[in-house]
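Quick one: structure below, then a few questions.
Chain nomenclature is as follows: A, B and C, assigned in order of appearance, with residue numbering initiated at 1 for each chain independently.
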Amino acid sequence: MSAAIEVAGLTTQFETRAGIVTAVNDVSFSVGRGRILGLVGESGSGKSVTGFSILGLVDPPGRVSGGQVLVAGTDLRGLTPEAMRKMRGKAVSMVFQDPMMTLNPVLRVGDQMARAVRAHDRVSTRAAWDRARAALEVVGIPAAAERLHAYPHQLSGGMRQRVAIAIAILHQPAVLIADEPTTALDVSIQGQILAEVRRLADDTGTAIVWITHDLAVVSSLADDICVMYAGRIVERGPAEAVIARPLHPYTRGLMDSVPARHEPGKPLPQIPGSTPSLLNLPSGCPFRNRCPRASDLCTTDPPEVGTATHSARCHHPLGDA
Amino acid sequence: MSALLQITGVSKRFTRHPNLAERMLHAVGGPDATQTVHALTDVTLEVARGEVLGIVGESGCGKSTLGRIVSGIYMPSAGSITLDGKPVARDRGGAAEKLTTQVQMIHQDPFASLNPRIKVGQTISEGPHHHRVVPRAQVDTMVRDLLGRVGLEPSYAGRLPHQFSGGQRQRIAIARALAMNPDLLVLDEAVASLDVSIQAQVLNLFLELRRELGLTALFISHDLGVVRHVSDRVAIMYLGRVVELAPAERIYNDPQHPYTRALFESIPVLGTGRREFHPIKGEIPSPLNPPPGCAFHPRCPHAGPRCRVEVPALSPAAPGHGVACHLNTGGVELAA
Amino acid sequence: MAVAETTRRQRLSEFWSDFAQSRVAVVALAVILVLLFLAFACEWVAPQDPYDLRNLDWLDAFLPPGTVGSGGYVHVLGTDNVGRDMLSAVLYGLRTSFIIGLSAGALALTAGIAVGLTAAYFGGRLEAVLMRVVDLQLSMPAILMALVLVALLGSGVGQIVLALVVAQYAYFARTTHGAATVERRKDYIEAARSTPLPTYRVLFRHLLPNVMPPLIVVATVQVAAAIALEATLSFLGVGLPLTEPSLGSLISNGFRYIHTDRTWLSLYPGFALMITVVAINLVGDQVRTVLDPRQGL
């Protein structure tokens, strides 16, 4: 089965006053139909820029400077802006942390959803409203027909995010990119949305790239996980394998930092230091200055180690010592 | 056990008064535009010296309002807050005037809580200097000691906040609070905006300071895992009320209130394998218009007729374990 | 404290490199500096002291630009109806205009900050009353306010400055209020209040420095406006008398001869006024662009 989306060698750079910052550095991954990829990283890891780069939404001074984004055999990077616009919302769509990035505050939910339908398909307003209502039902909005007549400000944060997701799936896109969509929501609401998203992938076959800082969320939601650090993917693999047997010391450190895994009151194992500035990354492995396993070898670029399905970029991966 | 902090029957309502146009509309028969947010309703809690009380809840539960009342930023609409028997603030023309330096607060967002134009050394020394916490000649030494204590170079005192990362800024905010030699720290989502790896560092710092200084703290967070890790006792709040209060281990191992249980089931746990999600049904009601009776009854799987009319009081389910649920006090049916 | 010094210098140099992105603004700034120098060095630069009536010679009246007068030097910009050297008059006039504009601007800034900060910080009824008064004043043309006030107060530099301050403080008050309302909700203000620090410290040490950037922009624009307002008042004859020449009174004086061929009497002070006001506004615009990129679009 071929992948719904295949990203290869994606690189995005920002020109700043202090020099060129490579926010996304040679990122490659693919997501199959109906599968969910968790793209995990801390702030500055480049995970969000990766999402924006896929959709060609990087604004100057940023620039996607290399790589391929294949969706249904088309390289999105080679498209004209006009052709790209036609793909967005139809073949590939995006959900943001703040649903108001998608929602127009002065339009009723039904109106803007109908507009979104008719932006790509020539159907009657009535048919567009019907599709809008169906999409709201898919994401588990109760009394969908009534919600269509509401304005965004009349909805709660969780409800708005569901509407944003419903808009994103109106055209049954092959790929949905979700950038921290539940981070601002309460945990009980997050639980509801995660359940709907899992169902969405299973039922419609949409491939989902779920971008988040929260390993716990993706460990229960995603099929596969990519861990990003300083613009690169440092570990990739099936969610179960990555969580059960992390290869990269950074992945291990992230998991160990979660308090729920430790006896209350005892010091948490912590990753020392802070995320390096992308402006002056150390040579070789970007994590080596914080890594407990680092050696002189780490000043050279780390190799890809592990199996075909579960691998990490590290000179001293865990589990093989 | 004598309480250091005593919160007694505290309620807080925020009222938005209608503007002139709305008042005129109301006069000719329009709707009354006065809106009242019931942020806190009848909260009673105490914190013993040396204890860390965790406050957990989702948005709109009133946990941040409670922190601000304890910190003397708001006056409660009813009830009292005392530290060592003395009120923390008094009402002055509708605004709170803080009376004590013994309660210090640490905010959520370290990018907003430090004045961007003041050097961090001065940010830390300003309070002690003004209140003469130490003789003025020793303030500089104290600042250097504190910076070292929170894990920063003492020479950083001359830098401005924008030169620091989020985790470092939160350390500075902690140093600023400690500089006042407080009896009680109020931490309002103090690690919520930090990356996981940085969060662990700051939590470790807090635990270490607690051990060394015997800190008493109100630790407010939406993150059950974090709260469990640092707290002795935990209060779960929902829509302005405390619904469950128990020692941390007890509440995690044996939650009683249906909301607490549902909350625990909603948390994604770092683990392997696809899991079924058991989300709580429905949305959090607006504190503008809280439901009558038990505020959780519209979402509660066990709700009965009694829950719709009678507010359950926090009553002991076990020694030291309070639950505000009719299931624990005679059932959900209305008394005949 | 070497660290802090380098950062301040860095920030200044960053500010300058952003500012210098606009050539026009750099030229305008240079023009302002030259004009400021000439105006405040006028006693040494100008060939004549126009305040000293003994220097005036009726025989020199209406000399066109470039003529050598009885003083034995060239009247570069000509002379007026009483034989006053126009170059000297323009330079002295420029000095008066700058003094009035800068002091009115500074005082209006101070008054506006006091009103705006008080209203924003304390809120409630006080805020409502103060800001309604400000709104009321903003709804009236500043020139009308100034005319009425000068009519009441009489003419003279002090009176004009006072009139300008009363007419202009509202702009500063409105801007301060807007910025302070945003800033006072931020956590660092809450942190200072809950320390607790006394109100004056919270206001002047924490709140005020953070509302200054937009005020600097308003201040440049208002200084230009004050100079123009003063010129208008003097032109209308309620400002400064011709014996203390300001650009406005010079234009007004020359205006009587505008239909003859002696156009230089109005033209040159008019140019001086225009260049000054335009240059200040250009600099102000660029400062606004640098301080707030969103508004610069």
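Simple rule for what comes next: contacts are C-beta pairs under 8 Å (C-beta built on N, C-alpha and C of every residue); 3 or more make two chains touch, one makes a residue touch a chain.
These numbers come from a predicted model, not from an experiment.
Visitor: Graph of touching chains, which shape: line, ring, star, complete, other?
Guide: line
Visitor: Sort the chain pairs by how many C-beta pairs are in contact and tell me the top one.
Guide: Most contacting pair of chains: A-B.
Visitor: Taking each chain's centre as the mean of its CA atoms, how far is chain A from chain B in angstrom?
Guide: Distance between chain centres, rounded to whole Å: 31 Å.
Visitor: Taking each chain's centre as the mean of its CA atoms, how far is chain B from chain C in angstrom?
Guide: 50
Visitor: Would you mind listing the residues of chain C that make contact with two or more other chains?
Guide: none
Visitor: Which stretch or stretches of chain B touch chain A in the complex?
Guide: Answer in residue numbers: 58-59, 165-168, 195-201, 203-204, 207-208, 222, 224-226, 228-231, 248-249, 262-263, 265-275, 277-280, 283-284.
Visitor: So in the complex, the part of chain B that touches chain C is made up of which residues?
Guide: 68, 71-73, 94, 97-98, 101, 103-105, 107-109, 112-119, 126-127, 130-131, 155, 158-160, 163, 173, 176, 180
Visitor: Which residues of chain A touch chain B in their complex?
Guide: Listed in rising order, the residues of chain A that touch chain B are 42-43, 156-159, 186-192, 194-195, 198, 213-217, 219-221, 239-240, 243-244, 253-262, 264-272, 274-275.
Visitor: For a test of understanding, state which residues of chain C touch chain B in their complex under the given definition.
Guide: These residues of chain C touch chain B: 1-4, 7, 124, 186-188, 190-198, 201, 205-206, 209-210.
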